[in-house]
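One structure is given here, and the rest of the page talks about it.
Per-chain numbering from 1; labels A, B, C and D assigned in written order.
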Amino acid sequence: MAKPEPKLDAEGVNALLRRAFPQAPEQGFPRVLAVEPGRVRLASSYRPDMLRPGGVIAGPTLMSLADTAAYALVLAHIGDRLMTVTSQLNMSFLRGARPGELQAEAEMLRLGRRLAVCDVRIWTESPERLAAQANVTYALPE
Amino acid sequence: MAKPEPKLDAEGVNALLRRAFPQAPEQGFPRVLAVEPGRVRLASSYRPDMLRPGGVIAGPTLMSLADTAAYALVLAHIGDRLMTVTSQLNMSFLRGARPGELQAEAEMLRLGRRLAVCDVRIWTESPERLAAQANVTYALPE
Amino acid sequence: MAKPEPKLDAEGVNALLRRAFPQAPEQGFPRVLAVEPGRVRLASSYRPDMLRPGGVIAGPTLMSLADTAAYALVLAHIGDRLMTVTSQLNMSFLRGARPGELQAEAEMLRLGRRLAVCDVRIWTESPERLAAQANVTYALPE
Amino acid sequence: MAKPEPKLDAEGVNALLRRAFPQAPEQGFPRVLAVEPGRVRLASSYRPDMLRPGGVIAGPTLMSLADTAAYALVLAHIGDRLMTVTSQLNMSFLRGARPGELQAEAEMLRLGRRLAVCDVRIWTESPERLAAQANVTYALPE
């Protein structure tokens, strides 16, 4: 009952993301796999240029995915209002992300009138071995 | 498999908490209800002096509970090593916490050799209506 | 030029804080020492019950002071609108705070129409030896 | 007295950064301008592909710069130990960053034995109009 009802399905959110980032390369761009009440699931295919020294996926790649996952979650629940912007992103790097397809799950902690607060978890190997967790706040358009 | 195995049960963690905070008043002090692999559940009984103007539970009460919940989670998994200390606490206040028994659930995101990173969620009404979410990092003793 | 002009002086902010927290004990309650454009300075006198095991000042005492310092900074710049609420508080505990008068300095990073973002630094020994740093976001009333 | 003494100058840190990121394009790669006790200053030249819809610089570009600024600050003070890794990055987006050369200033809040905690501020127009502020924690090699 308390979970917010999505306004868009995965295909609808993917179309919005492509519209918001028209110049992004297809390869490695996150795609929404599933939308549920208060929750979305995304994946990004792996590209070798995501690696940093030490053989793990670079922090900025993970932060960018966390931001896009939260954006997708917000769009899924507020619909076609692209001008929502990140106001805060707090990320914990938990362990090196081994090369592989990046998975992200984003959960809506609170969808208010002015702010949306999202929990995002990212992994490559297994959801039991998270690479990173983020708390992302979006300021909603008025 | 990847979930860390607890070393203490709820009773064991409660005994450690009482030892760490000998002067804390019984009323309103968090007590551990359950310990599972990578997870603990706590509750604090409500005291009227927890309220702030507006009739909701004060932020510092929630931050203190988040910190204690993460501490309990860490102790449950590393045992009797009280000198672990908080190195970071990031809290999102999601909605006003109505007066009532405070509930907290803490989940281990990563138990490393030097740092433990915990996700904590706090509510009074229902876990579907979170009052606050926190990411708490503890530095472990060597 | 870009720094926000205060609407209240230290005495004015202290009067508002006393009104917001009528039941707080005099001893240990933060008092505003100075207000400047985009900045406030506070101090709290030391009370032995602020200590935790290890002989340092407890984390919740520091978090509470950070929250009050940011609140004082916001009130100094928006005036008598007490219903502004904390939406996020991110604190780094940098070193154990030795017993002594607590000092806090809060700086406005951004005073927007809907959110105020504040940097807060806390110490007892010296501002060169910070005990904690916090980033505190307040949601402003409409 | 309490401020940590740098081990490297700007040129020395730039050489380490080029070694750590051999594949990064010259254009837009952050370069260290100045190193002082507990502080570094960096700049990145602007590239049109840093923009996002709305005509402001993309969040991931700012997060990546904050991470590199903190890395440069840490290397300046611990010397040639490239394997230090980010453990937490908390960023507040304060206002849209207008197109222009990116400036970053990083300040060491605490250089401990195991963790370094840095405050980073980023702007294009003026340091009085910050685009973003970050708190970045690095785990130091043993």
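We adopt the following convention: a residue touches a chain if its C-beta (ideal position, glycine included) is under 8 Å from a C-beta of that chain, and two chains touch if they have at least 3 such contacts.
Since the structure is predicted, the reported quantities are computational estimates derived from the model, not experimental observations.
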Can you list every chain that touches chain B and also touches chain D? A, C
Please tell me whether C-D or A-C has the greater number of C-beta pairs in contact. C-D
For the pair chain C and chain D, the C-alpha centroid-to-centroid distance in angstrom is 27
Separation of the C-alpha centres, chain A versus chain D, in whole Å, is 24
CA centre of chain A versus CA centre of chain C: separation in Å? 33
Numbers and ranges of chain B residues touching at least 2 other chains: 87-88, 90, 92, 137
Contacting residues of chain D [partner chain A, same complex]: 20-21, 23, 49, 52-54, 59-60, 63-64, 67, 82-83, 85-93, 96
In their shared complex, chain C is touched by residues of chain D numbered 1-3, 90, 92, 94-95, 109-110, 112, 117, 119, 126, 128-130, 133, 135, 137
Flag every residue of chain C that touches chain A in the complex, lowest number first. 87-88, 90, 114-115, 137, 139
